[in-house]
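Chain IDs A, B, C and D follow the sequence of writing; residue 1 opens each chain.
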Amino acid sequence: MRDLVEFGMGRTARRTYELEDISIVPSRRTRSSKNVSTAWQIDAYRFETPILNHPTDAIGSPAAVIEMGRLGALGVLNGEGLWARHEDVDARIAELIEIADTDRDPAAAVRFLQELHAAPVRTELLAAAVAQVRAAGVTAAVRVSPQHAPTLTPALLEAGVEILVVHGTIISAEHVMLVDRGHDDGLVAEPLNLKTFIADLDIPVIAGGVQDHRTALHLMRTGAAGVIVGYGSAEGATTTNEVLGIGVPMATAIADAAAARRDYLDETGGRYVHVIADGDLHTSGDVAKALACGADAVSLGTLLAAAQEAPGRGWYWPSAAAHPDTPRGALLQVAKEQARPSLERVLNGPSDDPDGLLNLSGALRRSMAKAGYADLKEFQKVGLSVRG
Amino acid sequence: MRDLVEFGMGRTARRTYELEDISIVPSRRTRSSKNVSTAWQIDAYRFETPILNHPTDAIGSPAAVIEMGRLGALGVLNGEGLWARHEDVDARIAELIEIADTDRDPAAAVRFLQELHAAPVRTELLAAAVAQVRAAGVTAAVRVSPQHAPTLTPALLEAGVEILVVHGTIISAEHVMLVDRGHDDGLVAEPLNLKTFIADLDIPVIAGGVQDHRTALHLMRTGAAGVIVGYGSAEGATTTNEVLGIGVPMATAIADAAAARRDYLDETGGRYVHVIADGDLHTSGDVAKALACGADAVSLGTLLAAAQEAPGRGWYWPSAAAHPDTPRGALLQVAKEQARPSLERVLNGPSDDPDGLLNLSGALRRSMAKAGYADLKEFQKVGLSVRG
Amino acid sequence: MRDLVEFGMGRTARRTYELEDISIVPSRRTRSSKNVSTAWQIDAYRFETPILNHPTDAIGSPAAVIEMGRLGALGVLNGEGLWARHEDVDARIAELIEIADTDRDPAAAVRFLQELHAAPVRTELLAAAVAQVRAAGVTAAVRVSPQHAPTLTPALLEAGVEILVVHGTIISAEHVMLVDRGHDDGLVAEPLNLKTFIADLDIPVIAGGVQDHRTALHLMRTGAAGVIVGYGSAEGATTTNEVLGIGVPMATAIADAAAARRDYLDETGGRYVHVIADGDLHTSGDVAKALACGADAVSLGTLLAAAQEAPGRGWYWPSAAAHPDTPRGALLQVAKEQARPSLERVLNGPSDDPDGLLNLSGALRRSMAKAGYADLKEFQKVGLSVRG
Amino acid sequence: MRDLVEFGMGRTARRTYELEDISIVPSRRTRSSKNVSTAWQIDAYRFETPILNHPTDAIGSPAAVIEMGRLGALGVLNGEGLWARHEDVDARIAELIEIADTDRDPAAAVRFLQELHAAPVRTELLAAAVAQVRAAGVTAAVRVSPQHAPTLTPALLEAGVEILVVHGTIISAEHVMLVDRGHDDGLVAEPLNLKTFIADLDIPVIAGGVQDHRTALHLMRTGAAGVIVGYGSAEGATTTNEVLGIGVPMATAIADAAAARRDYLDETGGRYVHVIADGDLHTSGDVAKALACGADAVSLGTLLAAAQEAPGRGWYWPSAAAHPDTPRGALLQVAKEQARPSLERVLNGPSDDPDGLLNLSGALRRSMAKAGYADLKEFQKVGLSVRG
């Protein structure tokens, strides 16, 4: 049944599927959505809704991260983003949005973003951000790149980070080298052996992104608590496929990573590593589909960037847009500045939007209820169809 | 031949098809369309054309329902819609259309619809509407949701309802719970055992929507006279897929329900339950395709909403657009207010429209004639193709 | 290899292909296009280029038909079109184009067309048109519908028609009844037994359209010299699929009719019936593909309607657009009135158009040369690919 | 696994794939892009980046060719283009762009291009161009058509050409005749036996385009050092498919040619012929995919035409656009004249463009690094997916 296509003589490719190719097919007794739980727990941390933010500065300000935590989701600070490099981030973002909004040339905003990321990471700024999140009583998670993880982690631990997210566009476990110097600021960057690195840490690590079963399994074997699948693909914003030719059909990638989770569970006799889907998630229906394909949680970009609390003022961009010589993303307006909903309405409703942009957890709960499942783990078995 | 796709390792999905993927392939002797009958009979009720309306207030005013009956179709009142909640519906709809027409924000109209549906259902209004339809000598059919069916049905029976339509976005027979509180107005809502409920009634019940073979079969076993397949999907208006990730590829869903009809016919030794297709029906060609896939009748939305007699003044919206916290639909303009055809022309022609929007029954008759079939039951066997 | 898809439980459809799904794959020694012949002969009539016109008044005026013949193609008069009903056709078409051009409502032009076709067919007008074509020394071909063929043919024979085209949207041989009253003008219309009808005639008959192997084979058995495949589908102009749900994926339909040609050739021990493709032919590349799929000639609509000599002044419409109660076509502008190329440039070049609209025979010759084939019959074997 | 589709009864087509259907799937240990080499060597000539230009006058001026060489790529002069026919090419191109820019009729520019190509090829102009390239210390490559190769080559050899590119839209080795008189200027054109022709030369020959395994293999057997796959298809510019019905799904065509390379390597016991992909290459991601499918190098059109140094001033057109009676291309604006990047930034970065238009070699290096491959030959084995 697994399709290998011989697209040319002697050269095969695997047939893969996007979330938009997939639909959920209810075929059990329906339930009341009141009886449904969307709770997610990773390590000792429990969240009412299985939602993280893609670690971009368009979303992850300390304030927005705090609000996400307050609302039952997991906010992630970008440890190599603007809040780690500048003190006056709001003013810089205002300037960035001004350029994106008035200049017809998408490169102009990318250029300014590149300049902003040329400033060095300052650990004292990072530490202050972590402290601010912790002070709000919310789980403090920070993203670092594989190449800067060794340098930055000590300061983050000292500041009280609770979950570390080791994240690059595409990473691997076996021999992590300088895959991406995106936010290289002159610090010495060394290859990272994730297994050793994680073994030395007392806090849970989420690592990614990966796009295939083998890399997912290898990352699980490093001791990671969670593995991110995908690179946050978002049409009009993330352009990894156009720039590198690398694509992650998310329905297939999620199911493959879930298979790696089963394999690893079996080989360890019970260690469960969470699969977090990051890409092509633009509506509440997409969120439901990602979980139905096997994800334990989702990492969202554009949906959260539209919220009032998001620092991007209605604009989204992936962190890869700031790469110094090969940017792989652009600024995309996802909401009018004056018409942005609150993060609370985005996550927990109520919604008056017909297109699945609001009340993400409510819509997920209702989807599960109509399909007849009471919790997320069960829902991963729901029937699916693909367009013929 | 039935395709199961392994879209990721160990995770399969069924390959499914939309009506637009399908075409009718004539391969028999042609006939005169004068020799063709489009008549449909469910229980004791016979209709010249196998067409119902999707139970939305954009179509189902008492006056429009009467006109549908007069023209040989079956009009359905929405027992939990505006005519059940307000006395001055025309004025409210005028206000709604004004908002939809002038406001660029689709949410504004949804918000107003939510407000209108926050008013309680008043059984005396419902009874008056049923009486009005009966007085016109037309079959009186009313839609209720599964959760409010027990509460509302006694008053409807007393008012003389002849066909009851138990209808939610997606319902099930085994354990119908609070699947959708869309028009919840504070009445106590209890789980409904459809089998017991139907057994206690003296009138035929049409129930749905369903999207798969198993649920269709279970609904047939409740004693329903007809089963609705689909949730009235309509691009630009119904957004269940965007909001919930749930999709119903109609060609597949209709054929599956028709298979359930055959299975149930066999297990009961002859009880024939009608399959009514509700979704993706935007032209007379779509109607012909739905019947060719196995439906006995179709439930139409946008095509009927374009008629002069439709109260929506050229706008269509599904009832799910009014859901209080997770709306799954929007207002869509389907005809200019000043250029709406009569319902008679929509259903029975003549047509001067090249796009299959008028003379639905005439076009169906002509399609059957060209394919060489004399009645609807035979036409369900016509040859079909799918795009390669 | 022939795909039967079970699109729903117990219901199958055949997987079919459009010309746009197909490409020609040269894999032999190339040739000079000077060594290539595009000549086509049906019965005693030889043409330098295998092109007919779809029998619509947008193309088939007597003058345009004469020019087609002069240029090596076969022009077909519409025996039930405007030239058979009105004396002042040019003025009527001018009025029609005026309506189509200024009115935003596509129905207005259809309505006027319906009115124009409500006038009766006058055999003296038809006879005069045939005489005019014959006087120009060009092969005289006339199209009649199956239902009016018996009534109109005697006068046509008397006037000197040389090829009769019996043509409806979809016809059959076994029992041709009143399938289409499109141009019904009150004449008594009787069922037509094509086999008897053709046997009684001394001139060759081309009949169609058909869309499947069986009907094509049956039509061949009537004694027809040629069979038309397709109903002249043309996006934006012909809407049979929208109105009736009937579609003809042309690549498949042509190959099926070519298989019928082989089967009939075998069962008769050598009678060769020509397959004429009529549908989805909008560029010279489409013409080459249709022939590569197995057609002997093509019937063109929009490409010819763009010529200066076409009476439609740059507008195209299929004859089915005039149907009195179920029109299946609309007016489509295919060329600016002031910028129309001569029919000579359309058919024989030279071209300065990059999109395959001009020099149809030259492009066909070049396509054959690059693929390495010297005549049309050989070219039917060229290698093809479909998009994966 | 190789799909043969029976698209109609008894008629098959091969299922083929475009580059856009394909994605690269990293599944190995990642690498630093610093450890990756994109170097390419054909015969004695080594290039840092495996990029040639499609031989069109929109790119291949002597100055642009020199700059390409300086930057590590291989520039190709068009031996039958404007620089071979006119002395004041810049002025002519300025006039051409003026027509394309101000005239709404795409045919007007084609017509002017046809006129420009009606002038005869002057070997002294060609010789001067070759001398200019050589004087700059850059590899001198010139394209000639198969039919004019014998006439033009002696002068080119005398002028010091180092690599000869024998190139037509679609050519064959077995019996090359007058396949394309595109730039026929009255010179006597004779059939070319490529094998004899190449054997007589002391310099390496690159020949093409081809689109299938057999023709590729035959061309390799002529002694060619490289074979071009594809005809430079570029949406909006190259219209061979619209005009001739001939298409080259590039992913399949590249893999087939790579298979021919393996077969030929085996039958010769070690002669390696390079496969150069020419078509549908519009982003750096496309370049990576073409190499991943098996190409050794790529021939680029639109990407290079956008550069400041390209003589087309931001416009692209294929050489086939100038064909005297069957043009198969048009002028396409690929960059605003005032906003063109330098060729250096196009090829070697840095980039501030999010869409993969700049830093082609850097993006390729990064793609290889993320996929874990150190050189181009290894990268041809990278895992691929196709959209399901």
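Rule of thumb we're sticking to: a contact is a pair of C-beta atoms (placed from the backbone, for glycine too) under 8 Å apart; a residue touches a chain by one contact, two chains touch by 3 or more.
The chain list, named the UniProt way, goes like this: A, B, C, D = IMP dehydrogenase family protein.
All of these numbers come straight from a predicted model, not from anything done at the bench.
Of the two chain pairs considered here, A-C and A-B, the higher C-beta contact count falls to A-B. In this entry, A-D is the pair from A-D, A-C or B-D that repeats the interface of C-D, since more than half of their contact pairs coincide by residue number. At the chain B-chain C interface, residue numbers used by both copies make up under half of all numbers present, so the two copies contact each other through mostly different positions.
Placing every chain at the mean of its C-alpha atoms, the farthest one from chain C is found to be A.
Averaged C-alpha coordinates put the centre of chain A at 56 Å from the centre of chain C.
As a whole-number value, the distance joining the C-alpha centres of chain A and chain B reads 40 Å.
Residue positions of chain C with contacts to 2 or more other chains are 3, 5, 7, 16-17, 21, 252, 386, 388. Of all residues in chain A, only 3-18, 21, 105-107, 110-111, 114, 169-172, 174-180, 211-212, 214-215, 239, 241-249, 252, 321, 324-330, 386 touch chain D in the complex they form. Only residues 1-3, 16-17, 21-35, 213, 251-256, 258-259, 262, 283-289, 292-294, 339, 349-356, 359, 362-363, 366-367, 369-372, 383-388 of chain D touch chain A when the two sit together in their complex.
Within the complex, the chain A residues that touch chain C are 5, 7, 388.
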